Structures are given as C-alpha cells and as structure tokens.
C-alpha cells in the first residue's frame, strides 16, 4: 500500500466538489471538541453533532472547534452550510492529498497543511492533512484522525500560560501553525541526529546496513521536504495578504513563522546533500575494500600457482627424466621456489600492493 | 518507432498553416458527436459532417461537439471556416506534437493539452493531443482517436449529477480539464504505487529485474512530466487572463485546477528523485554483494592454493628426497597444513572478511 | 580540429569592428542570389556583385537577397555601406561564432541564428551561422556556405503555394525562421528515434557499443541545445518588441514560432535526461553481469580447489602413509569429495549464487 | 551528539516567545562588557548586571555592550525591558538555531548571524549564533560563549587605529559584520588550501585516506555554506532598507560587505564542486587500479593453470600410459609448455593487458 | 600554495580600508606608463612617480595611465588622493581577491575584473586582478604584475589602426574590456580543442591518463567560470546604467560585449558538461574492460581447474585403485576431459562470454 500518496480510486470520475474521502478511514464516529476561552474564563465541550458545536460558539470568546475524522461527507456538508464555506473548499478538505495552500475567503481564511507524525521511534513518517478555517471569533480545525501536535497548546490554554488567553482567534491560529512547524523542526532534528551518527561509522569496516539506513533517511527527508516546501509560500502569502484575518499587530509572528519554515527547508536540504555525499563516499569505500581483497587474492594466487606448477613438473612419471635422479635436485627445487617468491614479492612491493 | 515524439516527416517543408496530420491515422471516418443540454433538457446526436453539427448548435444550451480523428485536413478546414478559427490554430490542432498552450482569440479560447492513456496495466503510456475551443455557447473538442477520459462527465450530464447541467459552457470546459488532470493524478498514483513497491525488494537478493523496472518507471514519469509541466503555465494564464470566456465566478475552479496540476508535478518530481535514489542504492548493493563474492573466493583460494603446493611438493618423484622416508613426515604434513589454515583464518578474521 | 567552436586565432588582437572571417572558407566566390516577387510576378537573378543586387531591389515587391560565403570582408564592407548597417553588426556577421541574438536597428531588424546541418545520416551535426537583415522591402540572408534549409520556401514562392506570394517581407522572414526551427525539430526527431531505439537493446547482453552511442548522442544533443536555446529569447524579444518590422498582424506567427522553439528545447532536455538514465542503467547492468561472472568463477574455484588439494594429498610419496594401503581408501576419497561438493553447493545455494 | 543542529528538546511545546536556551550552556555567569568611546576618550567596564551596563550608556559616545553567555532567560528578559525589544526577538536571540536574518524595529536594527569557529587546526567547525542590536548610540552584541572574532576591532578602538574612533555606532556595527565576514573568508581560504593540496596526491597510489579527507572537507564546506548563504540576503536587505540606522554615507561599506559575502559563497561553491570532481576522479582511479590488479591475476592464472594441468596429466599413475615411456616425452613436455606460454603471452599482448 | 585563492593572512584583522596587498609581490618598483593621444598626436612616457603621471594628463587627449605592480600601499594612497577615489575602493584594488564588479562614482566609473593568463602551453591558468578607473579624460588601469592582454591595443593606438585614435576615453575603456573578453574566448577555445581531442581517444584502450586530463581541464574551466561569470552582471549593469561615463553612442559596443561574455559562459558550461559525460563514459568503459578481463579469467579457470582435479585423482597412490590398471583408462581420461571442456565451452558460449 502506498504510504506517500493517497488512494484516489474512490473519487475517480466524481464531479468536482463531490465530497469523497480518499484517506483511510480510521475512526467510526468523528470527534467534535470545542475549547472556548477569553481572559476571564474557559469552557470545554465534546459534541456529537457539528450543529451543537456551531450553536455553542460565543462571539466574545475564542472558539476552537476541532474535528477528528473527516471521512463523513454528510458532516462536511453540514460544516459547509453552517460556516458558509464553498463546495470546492469542502472537497479540498475531504480529499486529503491536497497541495498545502492558503485560500482566502470573504468571511474566513482557509489553510491546508500537512501535519507529520512519526510512529514510535522508527524512521517512517506519515503526513496527515490538517485543514484550518479562521473566522472572526472561531477556528475550525479538521484532522483525518485523532492524535495531533496541539497538546501543549491545549495545556497552555487551560493553565493560562503564555499570551494565548489574552489574545484573539488569529493568535491561536498562529500558535497552531507554530506547533506544526515546531513539530517539523523536531523531526528534522531527529533525522539530522541519525544522519550525523552515520559519520561515526562510515569509515569503519562493519558498516553493514549503512546503505539501507542512508536510503531510508533520504526517502523520509525527501517526503518531508515535499510536505513542508509549499508551506513556505503559504507563510509568505499570509505575510503579504492585506485581507487576511491575521491582525497587522500579529504579522511579526507570521514573519517569525516564515523564518522557521525557511530554516526547516534549509536543514532538510543540508541533510539530504550530506546523505548523498555519504552514499558516494560509502560506495568509494566499498570499491577501495574490494581492491584490498583483490590484491590479497592476486598476491596469493600469483605466488603459489607457479610454484604448484613447478612441483607438478617433478611429480610427473616420465621414464626418461634426468633431473629426478640428480642428488641436489630437491634442494635446487627449493632454491628455485624461493627465488620465484622473492622476485614476485619484490614486484608486488614495487606496485605498492603489499 | 518512436513513442515519445510524433513523426513529422509528412509535414516537412510545408508552408506554415498547411494542414498535414503528423500522428498515426487510426480511424477511417472521423466521429462527430454533439451533446446539447441545459437545466431543462438534453439532446445527443451523431453527425457525419461538421456542417450538420454546426447547424444543430442552439444558443440557449451548452453545445459540446466532440470530434474523434482529426487526420482529415478537409474536415479541419471546414471547422476553421464554420467557427472562424485562424489557419495557424488549425495547423496546431492537426500537428499533434504541439507544446501544450492557451491561445486566446476574439470569439474563443483555444487550449491544446496532452491526454495521457495507459494501455492495459502495462507501464507504457501514450500522450494524445486534445484540442479544445471554448466559445460562448459551445465547446469543441478534437481528439486524435476514440477513447478518452470524459466518460464520467458524459455520465454526469446524462444523469444530472453535480452542477454541470445548471452551469454554462465554461464550467463544462473546466470539468473537462479537471477530468484530464484527475487522469494525470491517477496515473501518477499508479506509478507511485509501483515505485513504493520497489522499497520492499530493494534490499533482497533476488532483485533481478530491478534495474529494468526502475529504468522503465523513470522513463515514463519523465515523459509524463514533459507532457504535464506546460499545463501549469496554461492554468496560471487562464487564472490571470481577463479576456477569457471563463466567468469570474468560476475562477475558483481554475485556481483549484492549478493547485492540482502543481501537486501532480511535485509528486512526479518526488517519485523521480526516489527512483534515482533507488538506482544508486541498488548499484551500491550490487557492489556490496560482489565484495561478498570476492571475499569467499579469496578466502577459499588463499587457503587451499598454498596447501595444494605443499601436497604437490611431496608428490614429487626425486630420487634423493629425505623427507619422504621419515616416519613422521605424513603427520608433520598435516600439522603444517593445519598451522597454515589457522594462521590464514586468523588473518582473514582480523581483516573482517569472515 | 574543433567542431563545436570556431577558430578565432585569425581575429586575435584585431580592433572591434574589424571584419575578419573566423570560419573555414569553403567557397571561392560568394554566390549572390535575388528572388523578387509579389502577387503578380516573380523574378530570380544571380549576381556577381552585391551592388548589382542592391540596384535590382524593387520597392513594390519582396526582395530576398541571399549571399552564400561571407568570408570576403570587402563584400561585407560594401553590404554595410549599401544597407547602412553599423560596423559592429558586420563584424558579428563575419565572426561566425556569435551568440544567437536579435539586434533592432533604425531601418532594419537584424537576427543572428544557428542553422544546423547533419552530414549524411551520421550522428554528427554542424552549426552554420545564419545572419538575417529584415528591411521594409527586402530580406538579406548571409550564410557561411551553400546549402540551406530554405529549398521548400523557394519552391513555395515559385509555385505560388501558401501565403508567401501575397504577404510582405516580414512574413518571408517568419517563413525562413520557421524553416530553421522545423529543421531543428526534424533533427531532434532523428536523434529521439535513435535514443528510443536504445531501449530495445539496453537489457540485451550484446550491447557492445552502447556506451559509445549514448555518449555521441548526448554530445550532439548538448551542442544542439547550446545552439537553439538562445533562440527562445530571440523569439520572445521579437514578440514583445514594438519597433520591429514584423507587422502586428503577423505576431501570431511569432508566438507560434516561440512555442515551437520551446517544445524543441523541452524535447532535447527530455532526451538528454533519458540518455543519462540509459548510461546509469547500462552501468548498473554491466556491474550486474560482472557479478554473474564472479559468482561462476567463485563457485567453480571454491569447489574444485579443495578437491584438488585432497587429490594432491594422496598423490604424495611418503613412505609411511597408512591410508594408501587401506582397501577402501579410494571409495572413501570419492565419498569425501562428494560430501565436500554437496556442502559447498548447499552453501552457495543458500547464498543465492546458484 | 549532533554538531550541525541544536537540541530543541528543552523548548518543545513552549509558548512562542518563551525564553528557553537551546544551546549547550558553557558559562556559569554571563560576562557583560562595555566599551565606550568617541574621538576624545575611551572607557571600558565589566559589569555584573545588565542594568548597570544600561545606566552607564552615554549618549555622546559609541557604547558597545557585549554579553557572553545568553542561556539566562532572566537576563534576556531584563535586556528586553531595558532596550524595549519585543518578546519574539528575545526568543530568537536565545533559541540559537535561527535562520540568519535582519529584523528592523522602530528604535533599533536587529541582526542574527552565524559566527564560525574552528577548534585548533582540525577541520571541524562550529557555528555560534551572534545577535546584534544597533540603536542610535549603542550596539548590543549577544554571544553564546566567550571567544569571538572581534579582538582586532577592540584593539583598533583602543589604539585609535583606523576610522572607528571618529565614526558613529553604525560604523562599529559595519566593522563587526566585516570581522565576521573576514573570518568566513579566512576559513574558506584554509579549506581551499586543503582542497588544492589534494590535487598533489590524487594521482598517486598511496592516496589512502583521500576519501575520508574529501568527505570531511565537503561536509564542513556544506555546513559553512548553509551558515553563510542567508547573510547575502541580510546584506542586500540592509543595502536597500531606507529605515535602517546605517547612515546613507556608510552604505558604501554595506555594498562592499555584500560583495565580500557574495565572493565567499562563490568560493565555497567552487571548492565544493572541486571536491565532487575529486571524488569522482578518485573513484575512477580506484577502478583503474583494480583493473591493473585483475589483469595481473588473470595473466598469471591463465598461463599457469593450463600448465599445471599438463604436468598433472603426466603425474597420473595409469598402468597403460604410452607417453611415459617415450624417450623424448620430457623435452616434448617443455616444448608444449613453452608453446602454450608463448601463445597466451601473444594473446594478452594483443589485448594490451601487458 | 593555493592557486585559486589569494593568501589573506597579511590583511587579517586590519581595519576596512587598510591598504594591505594580499597577492604575491612580483615586482620591486611599480611601472607607471602613460599613453596620451588624440587624432592629431601621440605621446608615451614612463614615470617613476604617480604624481608626475598625474601632472602629465592633458584634457584634450585620451590619457591612459597603466600601473604594473600595486603592492605598494603608499602608491595607492597617492593615487587615491590625486584621483579623489574613496578609501574603500583603494582597498578593493590592493586586495586582489575581489568579486568582479562595477562601482560607479561621482567623477569616475570603477571596474574590477579578472584577467586570465596561461603560462606557456600548460593547462594551468592564473587570474590576475585588473582594476580600471574611467574618468572624463583618462583611464587608469592597475595590474598586479607586468604582462597583459593589451599589446594589440597599444599597437592599434600607435599605428592609428581602427577607431581608437578618433574616439574618447570611454571607447578605449571598451576596447580594453573587449581585449579581456577576447582573451577569455581564446582560452576557452584552447580548452575546448583539448576537450574535443579527448573524443578521439576515449574509446581506445590506451587512454591511460585520460582521467587526469579530464580532471585538470574541468578544474581549470571551473575556475575560469568563477572568474568570468560575475563579468556578465558587470556588463549588464554598464548597459543599464544612466550615469556612467560610457557615452550613449557607445552603448552598442557594451551590448556586443555583453553578448560575448554570455557566449563565453555558455561555451564553458558546454565543455564542462562534455567533460562530465566523458568521465562517466570513461568510467563505464573501464568497467566494461574489467568485465572482459574477468570473463577471460573465469573461462580459463573454470575449464582447467576441474581438469586438474581429474588429473590429480589419477595421480593418487592408493594401493587399491582399480581404474589405474584398466587398459583404456588413459584414453578414457582424455575423452572425459574433452567432454568437460566441450560442455563448459558451450555453457560459456550460451552465456555470451566468448
């Protein structure tokens, strides 16, 4: 099953704007969660239907509705109606192999991003599509499945840490984006550490599964780059846009975000180029070692094959074979053998094979 | 016969604007089909001549004339007269190795694209030129041969699914373009699945026709990229153009299309770079395995060649050969042999060849 | 002798604007030919001097003066005086290793291009500089030597085929440029066919001169790309220029030309990248085959070398050698040999070398 | 432990603007140093607290406050309050894996750069983040640890060498930036010298740790490029900015700086491409030498293996073996052997293996 | 000693604007030469001091002061005072590892370029910094050492060849730049000829020092590209600049120069890419040849090693060894041997190793 691309077969030939989920359905019922806060207070609710969540929105507060599991096209249809989102945007939300982008609307800012997750401590990463709608009082986040990188943000809201509680919805949106990018950077750091670890073993003989490690790291970094790169343009567009819901005062945060994404991509490129160099270096090392092996074989074979021939001669059973009867034939044989060995050793020495 | 480029020899030296078909003629008589619809009704006709089709166009409806088989220059000439298209555009339609592009005219928007088809489930793909003329009430599509990616669209028109029946000709044009791009994405997904499958066997020993698979996938993806890449510019031009027949309300669809093509190209690049890494990795693997083979050969040969020499010595038939007559010569021979073997095994152990 | 670059030594240290021919002089006397036409009539003349040709120009007609052999600096000086061309432009005409470019003047448009020719059916191509001056009533084309790609155009003028006879000089200029580009495309098609032919033999064993073919094709395509690439900018400048002699009505032709050149360059890039993949694939194939060879050698040697040692032992002539006298020694030897062979065969089987 | 990327784990999940130091704390107490000068006088102080340093600033003089050791978030918080710096900027200062950039503020210009240091004469380099705040009368520099590239500047201030004492704070800022870039260039020169040294040994047989040297140099240059490249944009932004604290008169210095950084990056690219060529060349050399080894082995084995077989034949003990009893069998054996050797030598000679 | 980069150690830590020469001093006393001309007359002088040269400048003439040997910082200081040049520019002149650039001033145009020289006919090239100051009546050229590419220009001035004597100082500046570029082109032609020569021997067996030649050519071309590339931007800036001392009438010469530099860089890229292809091709050739060697070894060894074993068997001295006594054992042995050889030959034939 492909890991880097979603199976579109279910959506084949459907009209544009048809809401067909093309990911792997991992949740039976979508989870709808609302966090509602301002400087004074904080409410948290779990809802069964999106209508209830929509009615619970209070204008004086920041309302963050998070939906885990967006495979249900009816749910998405209702979201579209409640939040007045165009059909095409809904399709982009449910079709989870979208190019990360920023879609400004009249009464909302829509963002489509990739949230990366790493299962356990393995190298393999998975990209989950995160859709975000920012309105005046609310943020709507849509995820393919439960589990995200926003736990610290929920924690900060609940514990009143940082500026979140005293800021508006657009600052929460920035905080969410920042969490996504911070997650990118942590992943890159993990990969980077493994890439740098290779330096310690690349010139050792027992670098057995080096090729496999290099290949896997490069594949994942390649995929990571594909997932992150469009975000740089998204951040740049948000920075320049004048009709966004991000308040001008908070533009500095977006600038910082842009710098972070830039640095992330630079780091990926750096490590990918390191991995390429490592593979080339390893390849040349293997070649070098093969040369060593070949030299040993050649020296052994070239010395003993002539000697064996010499011994073979005097093992022949010819009736008329004068040398066999000389008294000093045997010592002479050893003398000849030693001379051959000496000459060949000198020859190989001169060739620097010894 | 070249598959990636059309044979231009027939058109050599002809005046610009001469209508010489340079593809492979696959149809005796062109097929002319008209689908005519609006919210209320739907008519479908097959015509023998393009004049009949032209006369059947009704202004209050969306008229989609599709022509399969454009090798007939007379037919194209008539199309030019009926729809007031310039000679040079007609030449671009019939000369089916054109660079995909957007040609705005006074009373039409002309688009030249590549429609990709994959025969059976083989890897090989073929690009067919699709020419499209969008006027106020009609769309004219010209194909090289029957068989296209528009079956689901015809189905949606007939069954009144989606928005098609309630929208104008420009929306149909978008739907057709969307079908072409969706087809690209399906192909990329197919290729991508095969590329990712290679990961499962690349570190196995029996990756016999790996090189061949990698090469073929890369060639097809390369060709696909060449066919798709110019479409990105076409979509961008359509988006920016102010004199196009695409209504401003439908620009969002074009934006979505642009994003889809962008994603398609990114995916191709990703898989091509994966294939390159796979070839490099496989190459290093082969080298590694050769090293293994060499070590086995070297160890065997280096151990037994000296021993054989030793045995050869005592096989000699010299008359004066004192060792032959000692009582413990034979056990001494074994002792010497075992010592040699031990020393060499230790030597190879230290070199980590065992 | 260099084929891809002209010998500049003759022009070393000369003042800018000095007219020193740096190509290989291939013609003793320049050939001066005038074709003069309009809708009504057609005249053709061969002249000995450029003055005569200049005087024969008739304002009401399209006058195409073609000069083959521009090594004569006096001739060029006269051309400069007659057509009022600046000295530096003349130098660019005679110095035939110029970067293709468009030089607009007050009373002319000057173009410098590369016309590619392929000797026989060999792979080798040659670039000849084609200089073109477009005035209001005339076109002046300067070639290094006789033989060009304009035969079909002359034919169309004479036979009144196409639009040429009814159009002005700027259309003729376009037709000439179109012929040059069509020639590029035909060459690329020829090369492309050969590149695709390689696919049929790359996985066969007897791909003996594959490396040589790939290298030669890549070199020629590389040179072709260098010669064509600047033309894309030239076409784009012509398209944008507002002070050119190309009439606005004919701009569509230039747009078409631009598309053709673009496609040509894309095709070259495609085939060059295919050739690179082919070389890499072939390299890995060779490596693979070497592995096969190595395995056969290793299996043979590793099996028979120990056996030969065994046989050598019992060929020794020790006096006290108990095994030699046992009745079942010989069958035991065979048993031991067969056991060794079996064990080794199983070992190599498990390693998948068999 | 990763050398090319900082450990972000301490800052994971913290609110943006939280001051968490992510480098390796190398200093217990930060060192705060103030140099205060104008044309007339010079004062130098060491302070324990940043408040004292702030109070010591005198408007009529250039005040350069340098802080070594910025792991203390309280200190940074105080700096923020005293110099009115936004929280996000402070975070960028303490989070020492930032993308080098220029952040203009209302009452300051902030710059984040990488200062490179090389421990001893080893190849390994380390990047330390240098943060700089330029106000009207003061410069604040923040370093991760003691030891910097500014010693010559302090010397020039103290000894009244150069223009420093007669210029304003912005000139000091330029001088500091210039020192950072000069340090880059010195490092590149060091690396370049080592890269060029490789040319002397690359075609010698004993290039044993060539691969390792090439790999290490390339890794360091790669890292250097990553650290320097963004500085080019920073310098360009400073040049264009109209609201910077750099006086227009001093813009020429910034232009010069921009040129220097540009040259530095070009030099890095040049040496990296040289190193790539060296690795490829070395790889082909190894291959060449292996070919030599193989030829020697093949010639030896191919000559003596048939001869040994021949000797083996006449060592057989068949009862009925006519050749054994002929008188000239032994000389005939030698004749046959010599013939075989001669034929094979000629064969290998023709193949140019000798 | 590094050849591609200048030793900056002497200038380490100096204040910006300090005049420290970082090249290799090759001249004891600077040579100061003045050529003074207009249409009527010509004067030439050698001076000991720059003051004398400055006083000899005559407004009605073109005054070209050339200084060979700029290691003397006092001299440069005086030049700065006499011609009112800023300190930073003087530093760029004496620090001879500058990025080629154009520095417009109020009363001058300053240019820094690389002049390339090739010692003898060796491959190695050296870049010398050429600084040029163009004022209204004068040109000042500063070179590191005697010997330049301007001999033909001096000749043309003296012999009144070309336009030089009738034109102003800006035309002389153009002529000097043109000589520098022409020298580039001659060098590229030299290198190109050598690159193309490789084509003749790359498929021959005795391409012994091919790798070394390819590597050296690529290194020099790489260095040449680094030295020339910035000149393209310099020429483009001169073309666009409106405040330059180049008169608008002479802009056509600058355009021509820009085209020449462009062509030079294209040619370098072309040859570098050819060299890369040559190295790859050569590498694959070596691999191919190694395959040949391996096949010969394998065929010889695989055929004779089993036969030797066979002969070894019948050389054993077992007492009970029935075959030894059969009458037809010896012919049977030969039959078996021939069968083995035949089978193996057929096997290798089928594998296409023969």
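Labels for the chains are A, B, C, D and E, by order of writing; each one numbers its residues from 1.
The rule we apply is simple: contacts are C-beta pairs under 8 Å (C-beta built on N, C-alpha and C of every residue); 3 or more make two chains touch, one makes a residue touch a chain.
These numbers come from a predicted model, not from an experiment.
**Student:** Between chain A and chain B, what is the separation of their C-alpha centroids in Å?
**Tutor:** Roughly 25 Å, centre to centre.
**Student:** Could you state the distance in Å from the CA-based centre of chain B to that of chain D?
**Tutor:** The computed centroid separation for chain B versus chain D comes out at 41 Å.
**Student:** Where in chain E do residues touch at least two different other chains?
**Tutor:** In chain E, 283, 287, 290, 294, 297, 301, 305, 308, 312, 315-317, 321 touch at least two other chains.
**Student:** Linking chains that touch, what shape results: line, ring, star, complete or other?
**Tutor:** ring
**Student:** Could you read off the chains around the ring in order, chain D leading and chain E following?
**Tutor:** D, E, C, B, A
**Student:** Note which residues of chain D are touching chain E in the complex, please.
**Tutor:** Within the complex, chain D contacts chain E at residues 151-152, 155-156, 161-164, 174-175, 178-179, 182, 185-186, 188-189, 192-193, 196, 199, 202-203, 252-253, 255-256, 259-260, 262-263, 266-267, 270, 273-274, 277-278, 280-281, 283-285, 287-288, 290-291, 294-295, 297-298, 301-302, 305-306, 308-309, 312-313, 315-322, 351-353.
**Student:** Flag every residue of chain D that touches chain A in the complex, lowest number first.
**Tutor:** My answer: residues 2-5, 7-9, 12-18, 86, 88, 92, 97-99, 101, 103, 205-206, 211-212, 214-215, 218-219, 222-223, 226, 229-230, 279, 282-283, 286-287, 289-290, 292-294, 296-297, 300-301, 304-305, 307-308, 311-312, 314-317, 321, 323-330, 333.
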